[in-house]
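For reference, the structure is listed below as structure tokens.
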Amino acid sequence: MKKNFYSDNVSGASPEVLRAIVDSNADDTAPYGNDPYTQRLERRMAELFETEVDVYPVGTGTVANGLCATLLSAPYGGIYCADLSHLHVSECGGAEFWSGGNARSVPVPTVDGKIPVATLVETIEAGALRAADVPGRAVSLTQATEAGTAYTVREVRELAATARAKNLLVHMDGARFANAVARLGCTPAELTWKAGVDLLSFGATKNGALCAEAVVFFNRALAETMRYRRRRAGQLFSKMRFLSAQLLVILENDLWLRNARHANAMAARVRQGLADIPGIRFSYQTEINFVLTALPKPVWDGLVAEGYSFSRRGAPRDGVVRIACTWDTPIEAVEALIEAAHRHAGLAPVGAAAGRRG
Amino acid sequence: MKKNFYSDNVSGASPEVLRAIVDSNADDTAPYGNDPYTQRLERRMAELFETEVDVYPVGTGTVANGLCATLLSAPYGGIYCADLSHLHVSECGGAEFWSGGNARSVPVPTVDGKIPVATLVETIEAGALRAADVPGRAVSLTQATEAGTAYTVREVRELAATARAKNLLVHMDGARFANAVARLGCTPAELTWKAGVDLLSFGATKNGALCAEAVVFFNRALAETMRYRRRRAGQLFSKMRFLSAQLLVILENDLWLRNARHANAMAARVRQGLADIPGIRFSYQTEINFVLTALPKPVWDGLVAEGYSFSRRGAPRDGVVRIACTWDTPIEAVEALIEAAHRHAGLAPVGAAAGRRG
Amino acid sequence: MKKNFYSDNVSGASPEVLRAIVDSNADDTAPYGNDPYTQRLERRMAELFETEVDVYPVGTGTVANGLCATLLSAPYGGIYCADLSHLHVSECGGAEFWSGGNARSVPVPTVDGKIPVATLVETIEAGALRAADVPGRAVSLTQATEAGTAYTVREVRELAATARAKNLLVHMDGARFANAVARLGCTPAELTWKAGVDLLSFGATKNGALCAEAVVFFNRALAETMRYRRRRAGQLFSKMRFLSAQLLVILENDLWLRNARHANAMAARVRQGLADIPGIRFSYQTEINFVLTALPKPVWDGLVAEGYSFSRRGAPRDGVVRIACTWDTPIEAVEALIEAAHRHAGLAPVGAAAGRRG
Amino acid sequence: MKKNFYSDNVSGASPEVLRAIVDSNADDTAPYGNDPYTQRLERRMAELFETEVDVYPVGTGTVANGLCATLLSAPYGGIYCADLSHLHVSECGGAEFWSGGNARSVPVPTVDGKIPVATLVETIEAGALRAADVPGRAVSLTQATEAGTAYTVREVRELAATARAKNLLVHMDGARFANAVARLGCTPAELTWKAGVDLLSFGATKNGALCAEAVVFFNRALAETMRYRRRRAGQLFSKMRFLSAQLLVILENDLWLRNARHANAMAARVRQGLADIPGIRFSYQTEINFVLTALPKPVWDGLVAEGYSFSRRGAPRDGVVRIACTWDTPIEAVEALIEAAHRHAGLAPVGAAAGRRG
């Protein structure tokens, strides 16, 4: 029984993804993206987003963010992003690296993991007064957020309008874009270019791919130098078809949404199931596929002793852990986790009725 | 019947590699390289090279070269490399990018695709006189070369000794390292650290992997900042096991050498089969898995009309093409190519006797 | 009468400096630093610091800091510096630029403008835990600080020892090094290499030079690539003698200390003279040549109306201004300022007795 | 008697320049370029060039070129420049540094030190075919050239038109712009923006300034980020007035042209005076202020023994030296050099008649 809730990346790839890789292996094909899979992917993405787009498959979300940060801030400038954002805290100075020192990620304080419009305005205006600072060029929104929340379409629209009014471009870090769309029930178009997003890091790895993400350009003028930059960054995979085939199958028959909906539902059930444990605290709403929570010490100790695995978030003294569910987290594993937590909290076992698949 | 001789990358992955990916998918595992496959890989590489090494799987050869170039030239300096080398001509200014403008690839004229010792000495000494130039820090050797030749162990040893005497570090770009080892019949150790190599880009993608290369540190002090650099470069793959599993299986039962030997043999047969075509010219010895040749125009035209595909090398007016064989090029496809070339050259068909597997 | 207290840079150059420039203009001399002035400067600096040093004159303090930041953090890493430091807030992302994205200035909270040892330890240790952050490589101390205070020799020693224990190098941003030495009454050696400083940005422009600063290497191994970096950064001035001549004369007959002492004394008198104005607040101790103070509104308004000029510090709502004195601020101008402030505060004129030169 | 013909930088500053520095020192003034000198300079440059320009004084020509290279190639690209150009061979990898690895100087073969139009077209077109290369963004013309020649207005116009037709911007490295204008007798406008130049490195240091150059933007859109870049690069001199005052006085009463005309005339006389020495070879036309020549060995040896100083150009075996004249080279020193050369060549002394000032 699965006890590893450490990350969305502890799971392997969806069976459909593996099958697609094996199928795409059958014949010789042109290398470096001149293959039918990559061509089909661009068309498929255009359908998905209901507009013409340029699509570049890349190997990881960090690469996608790094290239986006550089393109958006070029020739030189700052990117306003959430203080919790992957771009700012998890990429070892990525914006600076990818741009050769010409970009800088500028953290903006968040509420519920999201950048409030008023805070964004204030940050931009304060920055504009500082002649000795890096000039602002773009805003990056993490959708869904590192806090487990999702910006509503309306929030994205307001933030993007704010950015645009200040002459800034808009990036969306969509490592968990599928989870956000699944949560919000909107169309991909509504959440991106229709709301004012120029450039998207489209994630698939956390959502059932083996290793495949894509940079999707709604603002196609931004793609001008991408052809060269991709190669220089080692992202012109020689056997590109394998990345494209993964992305294609993820989008086929809404696999991406089915996977995301399942992961979201499992997290919702975790949240619901743990809610009545005395002393438990939840840091944020649980809107996507993970729960940030401070477990009472006996619960934490008991679960760890049983072999459960979670990742810590924030300062050690806060004791906050992330319980991450994925596209293949079984409901039985979630129920077993809830049951174990109750047991370690000294509570009676949870009734079978709670075991509904979310 | 295969007619695509454009690149070693037109082939897919070896069946063993696909099987290994599927097998490694079975269970949850720790992400970001803390998985048993990655741990086993480091041990396996140590056995292979008969010494302790640090191993970092990465996504592409360009990434491997970029990271190596930066590590070797840090904090600031030039990397002497063959004028034909991938690092210098095929990575869109990669050394400069990966180092943030602190490295520069410095081309050295080659003979038979290889840097002669005397030329290296001359280049280094001339550079040392130029106070206004980037100071030299390292030498990069492409093994096997872009010309289809391989440095002998002795040549590597002499070049590395020359570099060391000038206080330079030594990199080996081994995108086709397997083809070189297969050709030379030496051990991997003899061709690398025993000969004075500090750092190796170990290639697997061209040799039957789906997408997997590795940076192998013999000089482990050079790995000091690699942990951070890898993450920053988007090479800390979340589902790292899939890269490591590919590399592991490639090394299992000498699959890497079997694949390379087959590809080399197919190229040798192409060379032998075309040799008697009047007017044909070969640019270099054929020591590994491809042939660089200037085909007579009617032969070229005829082959292209039949659907054959090759890549051009050098200036268009020279008419040189690369005929690349791979781990899965069937001997029948090679014979058919030879037969077609003869036909277009107006020669009688090649006798069946020529069809021996090299 | 001088009313411009905006900055130490509103003054021109000391007459001695101008004379030295004119004198050094008399003859032809070798360009690019191969001149007798530059050679003499290195010897003079060695005497001043009582140890062998490498000295590189540069054009501005920002250049000195940028080059130092890059050298110290190479090949890749973070530089811990005061949250108020010029390096972090006044150089438009300088550490990132000079290093090509390989360095990052990491702000440390200050008390009285200074980094406390405990805070430094905490910051370094927290950083070491963050695998996804830029690894720490150096500490930069601003001496004297942007708050108008100076680290004692003991404080520098403790901070440097802390850095060293954590394997970090130590930089001193000495744009106002002279003011600090004048204040502390120590030797330049005691305040730098004897206390554990590796590299110094030695300032002269704020202290009577026209435009001349120097990078002084106590840790001479750090200078290895400086020769190339200086040229690349456009700091190998063709007529270098003019920079060196300025630095030489500044050091001659202790002009640098006399200038600094005067500026410090003028600021001390400003502080003393304003202290009895009701409602006035001082942000910090006044240990060098400027006073940070929040003036009551009528005083501020009245002074501005009379044509006085100061620079604002911090957020506009705090109303803090910097009153900067320089090597040539006349005591009469200081007394006039004090008198005017009293007048606008509705106080009786200050008695003549207060007009003692500090 | 002057025997140092090593460089245009062996001379000091014109007396007018020193006087201007002393004069501008009289009063306090706003720092960081908010002074009347800098404001007047922008107006003066607009008059000189007969169009609105943005002007940024900087410390050296290497800085000017570095900033220009970065602005022109942003966000990413190559700059075609003469194989002899300062940007390519004398700045230690400057384009790469200033741009954080996003620019690269691409050498173009020259004839008479100048890039022929046909060669430029060929280079650009070959580059456009190389998908794995850095994409071209700009052309940099050195005016006057490192060979001692000057592009005619017509040549600049044709090269700029060629660049523009290929969608490239045009830089002029005018470290010796004055010498070129003095030679050609055209207006500064005709040689720059009227001919299609976007951005100019305007040199003054080699022409009588102490240390002052300027970046002049004809294409003012390119200046968008310059304000920040200048500060970041340490070029926002705190006492900017001293740079501006130098540039102003250089332009006053045509001092810049008088200085350049004198230096050019001295070089013309050197050329004429040496021409009849048997075995002497001149590498190029002498159109500006220096002569590139291979002296017969006895002449070289004799002059060096007498204490003459020249710089070597090119490979040591070619024995080419540069004899550089400056704004203050006395005609007597030129005649003495000619006389000495004749003497060492075993010729009779030159007649007094040759001693006319050119």
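Read from first to last, the chains carry the letters A, B, C and D; within each, the first residue is number 1.
The criterion applied here is as follows: contacts are C-beta pairs under 8 Å (C-beta built on N, C-alpha and C of every residue); 3 or more make two chains touch, one makes a residue touch a chain.
This structure is a prediction, so every number in the text was calculated from the model and none was measured.
A.B. asks: Report which interface contains more C-beta contacts, comparing B-D against C-D.
C.D. replies: C-D
A.B. asks: Greatest Cα-centroid separation from chain A: which chain?
C.D. replies: D
A.B. asks: Would you mind pulling out the distance in Å between where the CA atoms of chain A average out and where those of chain D do?
C.D. replies: Those two chain centres are 52 Å apart.
A.B. asks: Counting only Cα atoms for the centres, state how far chain B is from chain D in Å.
C.D. replies: 44
A.B. asks: How far is the middle of chain C from the middle of chain D, if each middle is the mean of its Cα atoms, in Å?
C.D. replies: Computed value for the inter-centroid distance: 35 Å.
A.B. asks: Can you list the chain A residues in contact with two or more other chains?
C.D. replies: Each of 91-93, 97, 99-102, 132, 134, 228-229, 231 in chain A touches at least two other chains.
A.B. asks: For chain B, which residues are in contact with chain C within the complex?
C.D. replies: For chain B paired with chain C, touching residues are 70-71, 74-77, 99-102, 131-132, 134-135, 225, 227-229, 231.
A.B. asks: Under the stated contact criterion, what part of chain C meets chain D in this complex?
C.D. replies: Checking each residue of chain C against chain D gives 2, 4, 6-7, 9-13, 18, 21-22, 24-32, 58-66, 91-94, 97, 100-101, 205-206, 210-211, 228-229, 231-239, 241-243.
A.B. asks: Taking the touch rule as given, give the residues of chain B at its contact with chain D in the complex, in rising order.
C.D. replies: Of all residues in chain B, those touching chain D are 78, 89-93, 96-102, 104, 130, 132-134.
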